[in-house]
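The two complexes that follow have chain A in common; it is paired with chain B in the first and with chain C in the second.
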Partner chain A sequence: MVSRRLSAASPALVVLALLLAWDFATRFGLADPRYLSRPLDVAALVWQWTRTGYIVPRMLATFSEVGIGYVGGTLAGMAVAFLFFFVPRVAELCDPLVVLLNAAPRAILAPFAVLLFGIGLGSKVALVMLVVFAITLLSLSTGLKEVDRTIVDNARVMGAGRADLTRHVYLPAALVWVVSAMRISIGQAFTAAIVCELLGSTDGLGWIIAAGQSAVKPDWIMTGLFFASVIVLLVDIVILAPLERRGSHWLVF
Partner chain B sequence: MRALIERLLLVVALLLIWQFLPLTGLADPFFISSPAQVADQIWQWGAGGDLLGHILTTSGEALAGLLIGAVFGAGFGLLCGLHPAAQKALLPLMTVSNALPRLAFAPLLIAWFGFGPSSKIALSASVVFFFIFFGVYSGLRSGSRLLVANARVMGGRGAALLWHVHLPKAFLWIVASLRLAVGYAFAAAVIGEYLGADRGLGYLIVYGKEMLDMTQVFAGMTVVVTIVGVLDVGLRRLARAGSRWRGLEGRL
Partner chain C sequence: MTEPLISLRGVARRYPASKGKSSFTAVQGIDLDIAEGSFVAVVGPSGCGKSTILNMIAGLDAPSEGRITVAGETVSGQLRNDVGYLFQKDALLPWKTVQANVELPLVFRRLGGDHRQIAREWLARVGLAGFETNFPHQLSGGMRKRVALAATFVYGPRILLMDEPFSALDVQTRNMMENELLELWQQNNKTVVFVTHDLEEAIALADHVVVLTANPGRVKKRFRVTLDRPRNVNDIRFDDRFRDLHAEIWEALREEVARSYALQRELVHG
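Right after this comes the complex of A and B.
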């Protein structure tokens, strides 16, 4: 009984041990709190920013960048995936570009985005869009190829044209793949937005982290990262995981 | 063959449009530079001998990160895959940490490890770690337990079981996840360099950005993307060759 409780609580114990190790390291001269901060300092700053509401506009800034880019990237990815599927010649032609797009994490393009679209909202939206676009395109391209031929043939026999097929067969089948792509891309979308903010911005969570870096305030960096992590986890657990669970029932084709 | 020619033509056409777009007044060469300028910039870096040094710096960081991340990832993966108590304690933490925006932790690592290569190695290792960890962990979990059970019946335990059964099983997964991890290791090194470095490809790119010199940004990015692309294609070939070998293994 005791051991079962212990094993259920063990992840929390590991976290506690790490926090204690961090605290002791800064207290007994193993690490410099000027660079490492202290757990309690970070907790105090988290509480202060939550209480004064200072963090809310920063979070909203990052949220709107990710939100706009996310929707745009998903739609664009869907459109191109359908284009590639229905016109294979285009897909064949664009193959090297897709390989290139897929070769590396797209976040390395951040300096580009900042130079081309400025330090405002535009550059982050553009980068997030590109990231989400690539993931959606790849996932959906694979997905559309896996739609059951029998269903397509049956629908054809019953007189379905290309428009009917798209509407009644391919789109519903694609939905599942889009949702799973959305779940994969959420982390990368936030990463892209924050990395872009680190390289040039006037607001957002990445801006807090960058400000903490240039002012050598590790507690700012950590608090910024804390809020960023909380957001990403919340979006994943609260929105996308249930969506995907429900979505798997739609996988009829 | 025809597909290859068509693709080449497409690339050439895109390059020509890029080169001559400013003539139409639709774009400003200040922002989009031009392929000729970019090629010239790369040529100059190469001729001066700087380029090789920067490439070696970034590759070295990525490689060291890959190695450290792979060793730790494999170690923890084995621990979690074979030890139920460790799995209960660590797996939830790993799943949560894996979802975090890890590349955004670069400023923190630079604050801890300084502007030198060690902070980039740490970033790169932290990214690789999770790829390998989950690769090894799911590798050990997957497949039939029959092999393990048979080996146990024949008296295999401890180090022998680990060496002859678990490690070969995990090894294939390590190879498969390494392919995915290489691009990310490289990108992590570059992003680490964006945020504070005095050499490396990321430094070249971000220096161009600070100077508002689009040619330099394009040139640096071209080098990075070429290296990552070549690595990706090469490793994919390797993985395909490896999977043939794995097909044999699967029959055991």
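Right after this comes the complex of A and C.
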């Protein structure tokens, strides 16, 4: 029956079916392989670029743009979130800006970034920073307001001043929120960097994709996309998920 | 008669209306004297402002009316350094070890001495030697309360405010903790204000039981508990005098519980 067949299916089958559909579409005239490429061509290119190591410097270029912007954006977001928290008047004054920052599709500022900071590292770092800054600020602002009242009162009765509270209570509590903000923002950070590379760059995964578009080599685009996904997944699995697990018991209470 | 350590005169706490909530009077016209070294239990139906009274004595909250003095000094929203507070909810820092949690008040108060050693001694006294490097989430609810107790006693506050500290524990653990509290109290000559909704607990522990009215809370009546000390909370419940007292105080409390219940029904059903 349907339900039995469904339970026998596996996620791998779904992926395989999709790849087959893609392949058939290009073979039987439903789609033009010159513009869509074929799964096996992409697989061959992935293998070739991995084997020759050609992809490594490209990935490193994108990775370092994201890395610098990511750390900078997170730190800036934390600093402003704390400022807003301890000086509520500043938060009130900046409220319209924050709403705008939250609502605006930030990656679309890429043309500006390239105009202002050129086609080098600067524009990518700036855009990644902006994207990560916004997510960190919003997530941490919520998080700081939700720090358990009893824990704060208890620390105050025990003699904690504002500096003690920040160091021993708010900062550790905030870290949990920062890490979860980092997990949300990692994908967006790579998107920002790659979109910026598409518009103007000399290296990186976005540069490959842009080159693939102008040379009408869809397999380059697909392969660039593949490696971008791999890098995001790796960062999440190797760095962020373990970090969040470590901190998760902090939220039990 | 000697000056009471804690004194409340005509104390009221009103919360002004805000964001769609109408104004709320938590307590009103509270007169209460607490002598140094005594153990006073405050009982009353839920929502009668018991916790508000503790918060005001601690300086976490300020009275809207009336005057609170502790050791002769007026308290109005400023924290004192001779007060300890044990909350109903867990208030340990989940990201610090048991040892670090107990050392924390010493750090906050910039007290001298070997923090490590002092904290270890208090942990041993509450029966938690060997658990220093554990994190709070690795302990049971009862053990976490012991850590909180150690973290409160460690800096030697003169006054101990307790807000239903054991209400979340199972009965056995709870009785054990009550006995340990009595022991610690007698060894250390603290003044305790203990808020609870459990009359048996109040009588078993305290020298005085103060009954509050349903919202807004006022002092309805104060009873003296003349049971012998040292007490064992498990046995004392079977004492005849305990039963008489219980009947007498319950008589005063029952009405308020019923009123509070009616009030809450009104709130729910409009």
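Simple rule for what comes next: the second predicted complex is superposed on the first by the 242 of 253 C-alpha atoms of A that agree within 3 Å, B and C clash if a C-alpha of one lies under 4 Å from a C-alpha of the other, contacts with A are read in each partner's own complex, and residues count from 1 in each chain.
Just so we're on the same page, a contact is a pair of C-beta atoms (placed from the backbone, for glycine too) under 8 Å apart; a residue touches a chain by one contact, two chains touch by 3 or more.
This one's a predicted model, so the numbers in the text were calculated from it and none came from an experiment.
With chain A as the common reference, chain B sits beside chain C without any clash.
Within the superposed three-chain model, A:L93 lies in touch with chain B and out of touch with chain C [touch as defined at top].
Put simply, if you stand at the Cα centre of chain A and look at the Cα centres of chain B and chain C, the angle between them is 90 degrees to the nearest 10. Using the contact criterion defined above for the overlaid structures, shared-chain residue A:P172 touches chain C, although it does not reach chain B. In the overlay built on the shared chain, the residue A:A107 is in contact with chain B alone; chain C does not reach it. With both complexes placed on chain A, chain A has more residues touched by B than by the other of chain B and chain C.
Shared-chain residue A:V157: touches chain C; no touch with chain B.
With both structures placed on the common chain, the touch criterion links A:S7 to chain B but leaves chain C unconnected. When the two complexes are laid on top of each other via chain A, the two nearest Cα atoms from chain B and chain C are 14 angstrom apart.
Chain A has no residue lying at the interface with chain B in one structure and with chain C in the other. Chain A contributes residues 148, 150-151, 153-161, 164, 168-169, 172-173, 247, 249-253 to its touches with chain C in the complex.
Interface residues of chain C, counted against chain A in their complex, comprise 58, 60, 79, 81, 83-85, 87, 89-96, 104-105, 107-109, 135-137, 151-152, 155.
Taken in their complex, chain B has these residues touching chain A: 3, 6-7, 10-11, 31, 85, 88-90, 92-93, 96, 99-108, 110-112, 183-184, 186-187, 190-191, 194-196, 202, 205-206, 208-209, 212, 214, 217, 221, 224-225, 228-229, 232-233.
Contact residues on chain A toward chain B in their complex (touch as defined above): 7-8, 10-11, 13-15, 35-36, 92-96, 99-100, 102-105, 107-112, 114-116, 187, 190-191, 194-195, 198-199, 206, 209-210, 212-213, 216, 218, 221-222, 225, 228-229, 232-233, 236.
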